[in-house]
Amino acid sequence: MALPLGYSLRNLRVRRTSTLFTALGIAMTVAVFCGVFSLKNGFEQLYRPRGSEDLVIYLRPGATSEGESGITREQANILLKERPEILRDDAGEPLAALESYLAVYMQKLDGGLTNVPLRGVQRRSFEVLEPPPRIVEGRMLQWGADEVIVGRPLTGRMRGCLVGETLTLNLTPFRVVGVFEAEGAYGGEIWGDVERMMEALERPVFQRVIARVDPSVVLQLVDIATINAARERLGEDPLTPLQVLDAQLREDARTPLQIISEREYLAKQTTFLSAGLAGLAVFLTAIMGIAAILGAMNTMLAAVSARTHEVGVLKAIGYEPGQIFGAFLVESALIGAVGGALGLLIVAPFHGVETGATNWNTFTDVSFSFTLSPAIAAMAFGIAFLLGMVGGALPALRAARLKPVDALRMQ
Amino acid sequence: MKVPWGLALRHIFEHWFRNLLTVLAVGVAVFLFCFLVSLIVTLDDQVEEASQDRVIVQSAVSLFVTLPLDYLAKIAAVPGVGDVTKWQWFGAYFQNQSEGFFAQFGVDPDPFFRMYERDIRIIEGPNGETAPAAREAVHLAMLEEKRGALIGQALAKKFGWKVGEAIPLTCTLFPRTDGGAWDFVVLGIYEKQRANVDDSTLFFRFDYLEDTLRNGGATGPLGSGTFFVQVAPDHETAEVIETIDALFTNGPQRTKTSTEAAFQASFVSMLGNLPLFLGTIGGAVVFAVFFSVVNTMMISGRQRIRESGILKALGFPNLTLGALIVYESVLLSSLGGLVGIGLAFGAARGVRQKMANFFPNFAVGPETMAIGFGIAAGIGVIAGVTPMVHLMRTKPTDAMRSEG
Amino acid sequence: MSEFIALRGVSKSYQRGGETLRVLDGLDLDIPRTDFVALMGPSGSGKTTILNVIGGLDRPDEGSVIVADTELSALAASRLPAWRARHVGFVFQSFNLVPVLTARENVTLPLLLTPLSKAERRKQAEFALEIVGLTDRMDHRPSQLSGGQEQRVAIARAIATDPDVIIADEPTGDLDRETANEIMELLGRLNRELEKTIVMVTHDHLAAESAKRSLHLDKGVLVESGRGPA
């Protein structure tokens, strides 16, 4: 017969101060783990792959982000007119938008300077994006006017972002007329008419063309099946139609550009900050976990030494070492569980709190919120449980190994 | 009256394993604390060591907008302006975009060497010269070789680059039209003298970039992201800043001029809440370990009840018993403090080597160590006081009846 | 001359589970210098309370306690420890040695409270251990000693400071017959040769016979029940 769970529970209750303090140590570890991973999660939500594969971005070859890219008006016009993959509406107009992008200096409300993405857009931008950005306050910007709309999180984090305020870009004042909400990183940007932006900033090139495409048109021109069969023989991965288009376009002397699906582009924008946060979380959790294990081990060692006599009695009446081991291990695992629950309680209020950080890939400010996911919570709870168990294993072993005769002699 | 201090030591050794755990726990906390604080301090140091009589002119609109090159002559004409150099971010990498990424700036060699005379020391020149002769040699060599580059010693160490070696860098900001890499030749190696410079930067000739862009060898914005300006000794920095910015209020590009210190500070502020974030975590760790030590000392105190009853019966005053347990606690936590400081010291070396891109000047300062040690000792005092109060309150007759 | 130990009208009550237990009720007790008294009586009769009151570990609710010319009830609580250190030696049923210290260190413990130098403390501790016959076990820890040896270390500790009174609470309670006899013989010798005044609580009639006289305590009232070998 195993020792009942009640035995372990009773012991925890008797030593409740010790239990609580040890659990708090574990709770802090779990809280830090959850906090950092929630940040990472919130940040990654911005760049979560979404939308359909047929939304693509044209950039200058070699550019890893919009900020580095540059497309001349001439190239853009050729692109819109001639590329067969770009879809067209009923009137025969291309479903594509020319956009500019520049990270501009903004004053943070809590002091300090940061770089906020300023995007010059066209009417089409609102049509190709899925789901389209929605105006939640004020009104839509007027095309051709010196007006901008700002992403909702910015209104609470940056100066001059409220409806009615004015943002001066170099020499031209732009009026904030509306606040919008959009999926992902777009939600933390400032949008204006691309032509007005380019003139105000004296930057005569676009940064990207975003378009809805049908990559399969390439199949009519190129025999992909044969190419891929050849590649397979060489042990290379087969090409997608989009990759074939990309290779073609790069070689095009008039429009040497690259095509990348938005999905893939977004995935590439998170590496530095994500990796940094993941590294930080692992580092801190490991260090704090060590401290928490030491604490749990200490408590359990004390529990064992205080109950040596009791263990002697249990052994004398016939309990096996394995059962004693189990009882003490259950006890420390319970401490871990209490710690895990406390830790989650500590971080829960932070869920949804908005913050910002510099995305090192683009060196721009991004707005996001702590996003505590069930997966993170489950992982944290698992870690807490594990910390308790690891800390309790050695003391439990010590208890299991006590010789009943010696144990009984102890006061 | 004598206090049997030896008793405290006996107890520490009696439960050596448990106490070792306590020492390690405090050690870990102090380590993490020192480490995180040092990160913040390092960032601040870069700001504090920056020069007050050197000002930086950049676009008022964006970090990513370059200023027209003809601004240089206009700035140089401002009264009180000494040397001026272009200073353009190149953003290239060696072989691998994440591992091989480091800072490169295109500068004008003459003013650069004059302005940074005290900030960097050139330790290796093209013909095996060492400091101080290397400075002149590298300066002259840079004027001769258009592709010449001056690199920091940490960079030389990381990639194993030697003077005279040609290094190919891939640049996404200024891609070459032939699709290839940019070639540079290492002419000298420098060692930073102040925290405003780091040992992981490559300086090259701006005109190499400019000429390549002009003759179509590469594409990208032609201009300089910033101009570094030395304010002449007998002029007010603030006045010079004002004059320069006034010069361009009506465009074509408005400028934002700031001291080097303020410029560095703006980069720190772009880290956003990072310092606050790190501070919070440091606090959480100290707090967590504090609980753990209080817990241990309470356990120690509980095991000491009977003994203190005996001592009280023998006639030792309450204060002696209190002092003993606090002494034990402070001894343990201080030891942990020393362990933590040792760990942080060791880790600082690692950070300087592995994370040279982000924290090239990372070091654990004496103040940080002192605070870390103080926190450890403080944890010890508070952790000892809890059981002390309990022990002092217990009546000897009850205490001796207690088990354990 | 007044008695060496004099209790007058001593009363003491305890709160146990909401009930007030009156353990001593107006007790009078006189013990002359160099006496060796065995206090006997059933559990809860107040024996240990009397010992604690005489030893300055506990204070009565009412009445006066004079020990070695000191009116204990007039002494501030904070001065009791110093008084105990100078005048009283304790011997307990469960020995109450500090487990982490050796025999010699345990005996030295009370000497730290005296103005003696280190060398003098050492000499005195060794002398006390010599009296109890443990010169060869001085550097052993309590866990390495037998029960009888532990109790002898405790007795050495009680006499180390050369106190006037030795308080012994069931000193043979945890020992076998033979060892108990040895301990009682030792206490008798301390009383005869070193002229220590000893007040002992015991359940053991044989042990009580070693004392000069036995007092029987029942419900807080004393009855002299006989004299041992004078």
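The chains carry the letters A, B and C, assigned in the order they are written, with residues numbered from 1 in each.
We adopt the following convention: a contact is a pair of C-beta atoms (placed from the backbone, for glycine too) under 8 Å apart; a residue touches a chain by one contact, two chains touch by 3 or more.
Note that this is a predicted model, so its numbers are computed, not measured.
Novice: Could you let me know which interface, B-C or A-B, is made of more C-beta pairs in contact?
Specialist: Of the two interfaces, A-B and B-C, more C-beta pairs touch across A-B.
Novice: Please identify the chain lying most centrally, where each chain is represented by the average of its Cα atoms.
Specialist: B
Novice: Quick one: chain A and chain C, Cα centre-to-centre, how many Å?
Specialist: 73
Novice: Which integer distance in Å separates the CA centroid of chain A from that of chain B?
Specialist: 26
Novice: Distance from the CA centroid of chain B to that of chain C, rounded to the nearest Å?
Specialist: 67
Novice: Which residues, counting only chain B, touch chain A once they are in their complex?
Specialist: For chain B paired with chain A, touching residues are 17-18, 21-22, 24-25, 28-29, 31-32, 60-65, 91, 97-98, 172-173, 175, 219-220, 250-254, 256, 266, 269-274, 281, 284-285, 287-289, 291-292, 294-296, 298-299, 302-303, 403-404.
Novice: If we count contacts the way the header does, which residues on chain C are in touch with chain B in the complex?
Specialist: On the chain C side, the touching residues are 52, 55, 57-58, 78, 81-86, 88, 90, 92, 96-101, 105, 109-110, 112-113, 157.
Novice: Residue numbers of chain A touching chain B in their complex, please.
Specialist: Of all residues in chain A, those touching chain B are 17-18, 21-22, 24-25, 27-29, 31-32, 35, 60-64, 67-68, 70, 102-105, 108, 111-115, 118, 169-171, 201-203, 271-272, 284, 287-288, 290-292, 294-295, 297-299, 301-302, 305-306, 309, 355-358, 363, 365, 411.
Novice: Provide the residue numbers of chain B that touch chain C in the complex, in ascending order.
Specialist: 1-4, 6-7, 10-11, 14, 306-307, 309-318, 395-397, 400
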